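Read the structure below first, then the notes.
A, B, C, D, E and F label the chains in the order they appear, each numbered from 1.
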Amino acid sequence: MPNVVIDFLEGRTIEQKREMAKRVTDAIVETLNCKPEAVQIIMHEVSKDQIANGGVLRCDKD
Amino acid sequence: MPNVVIDFLEGRTIEQKREMAKRVTDAIVETLNCKPEAVQIIMHEVSKDQIANGGVLRCDKD
Amino acid sequence: MPNVVIDFLEGRTIEQKREMAKRVTDAIVETLNCKPEAVQIIMHEVSKDQIANGGVLRCDKD
Amino acid sequence: MPNVVIDFLEGRTIEQKREMAKRVTDAIVETLNCKPEAVQIIMHEVSKDQIANGGVLRCDKD
Amino acid sequence: MPNVVIDFLEGRTIEQKREMAKRVTDAIVETLNCKPEAVQIIMHEVSKDQIANGGVLRCDKD
Amino acid sequence: MPNVVIDFLEGRTIEQKREMAKRVTDAIVETLNCKPEAVQIIMHEVSKDQIANGGVLRCDKD
């Protein structure tokens, strides 16, 4: 705790995920004033037919 | 916001997901009085060995 | 299952929540082809300083 | 309800998941004083590049 | 990780929550073969008008 | 999408939450290469008797 669950579109590289985990952890540590090892990040990578905004699937918007 | 996360058993067609996203968004817009584009739906499709009710895996109930 | 978690801004009436639960359940039953009693809806009502879009708290946008 | 979402590292056997579902359900039934069939467990199995602690991906710690 | 999010009806005592956390952690440690300190449990206590099964709010079923 | 749900201990100031939302959004935009307005952050603020690590409630560790 803090526990962070991030849902985002699949297709990012492991390097992007590595960098995102580092930067998000730093942001939380420096603003919520907690230790880095307290911050856990869980990533759910979803596909375009598993996301909808405004009632329309993402895959139908491209 | 509103943000909707729906966990359901894998195996539905994209047409079912398309229709579900539309109908759930309409239901939320018309009852919670918000704009369609404000509603986000994220779908987690899980398998029968990842769901348990009453302590029994779904795959053990079929 | 299907399990639905909806995060939305606090302040809706119980009547709105009652109607939303009914309409969302019907939408899921009729599109994902499952029984009404299988559908569970969990509501998280959050305040304007607990939501951010585009890096800005909702309470700072009003 | 109670609804349990467990995120854990992929790679466990179905036997482990079967046993975990049973034991967690029993633990909740006996402590929160509810019926077994009321307890739902949803499992999200994630990979080592989808988890980070202390800003470091799990796959970079091995 | 494993990360456990449990949504349940408000009104349980702190003693019940204490006992549940201990028993659920033991169940996960002994079945998923991980260390106790790796297991995190987050509890969301919701009210009867925030839960619906079969399209009906829990508060309307009592 | 990306959608971020952060559970953390209650008690932070609105200024901390404002700054955290800004910094986390920037971190995600710059690493996952998406637009700021696409990033949604939902905060769940929990109390010490709603969190457990290693089977022990946080309120029992202080």
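We adopt the following convention: contacts are C-beta pairs under 8 Å (C-beta built on N, C-alpha and C of every residue); 3 or more make two chains touch, one makes a residue touch a chain.
Chain labels with UniProt names: A, B, C, D, E, F = 4-oxalocrotonate tautomerase.
Everything quoted here is computed from the prediction, not taken from an experiment.
**Student:** In this assembly, which chains make contact with chain A (4-oxalocrotonate tautomerase) and also with chain F (4-oxalocrotonate tautomerase)?
**Tutor:** B, E
**Student:** More C-beta pairs touching across which pair, A-D or B-F?
**Tutor:** Result: the pair with more contacts is A-D.
**Student:** Quick check on chain C (4-oxalocrotonate tautomerase) against chain D (4-oxalocrotonate tautomerase): do more than half of the interface residue numbers occur in both copies, making it same, or fewer, making it different?
**Tutor:** same
**Student:** Roughly how many whole angstrom separate the Cα centroids of chain E (4-oxalocrotonate tautomerase) and chain F (4-oxalocrotonate tautomerase)?
**Tutor:** The separation of the two C-alpha centroids amounts to 20 Å.
**Student:** Which parts of chain E (4-oxalocrotonate tautomerase), given as residue numbers and ranges, touch two or more other chains?
**Tutor:** Those would be 1, 3, 5, 7, 24, 26, 40, 42, 44, 46, 51, 53.
**Student:** I'd like to see which chains touch which, written out pair by pair.
**Tutor:** Every pair of chains meeting the touch criterion: A-B, A-D, A-E, A-F, B-C, B-D, B-F, C-D, C-E, C-F, D-E, E-F.
**Student:** Which part of chain F (4-oxalocrotonate tautomerase) faces chain A (4-oxalocrotonate tautomerase) closely enough to touch in the complex?
**Tutor:** Residues in contact with chain A (4-oxalocrotonate tautomerase): 1-9, 12, 16, 19-20, 23-24, 26-28, 30-34, 46, 51, 53, 58.
**Student:** Inside the complex, what are the residues of chain D (4-oxalocrotonate tautomerase) that reach chain C (4-oxalocrotonate tautomerase)?
**Tutor:** Checking each residue of chain D (4-oxalocrotonate tautomerase) against chain C (4-oxalocrotonate tautomerase) gives 1, 3, 40, 42.
**Student:** Which of the residues in chain E (4-oxalocrotonate tautomerase) come into contact with chain F (4-oxalocrotonate tautomerase) in the complex?
**Tutor:** 5, 14, 17-18, 21-22, 24-26, 36-37, 39-45
**Student:** Could you pull out which chain F (4-oxalocrotonate tautomerase) residues touch chain E (4-oxalocrotonate tautomerase) in their complex?
**Tutor:** 7, 44, 46, 49-57, 59-60
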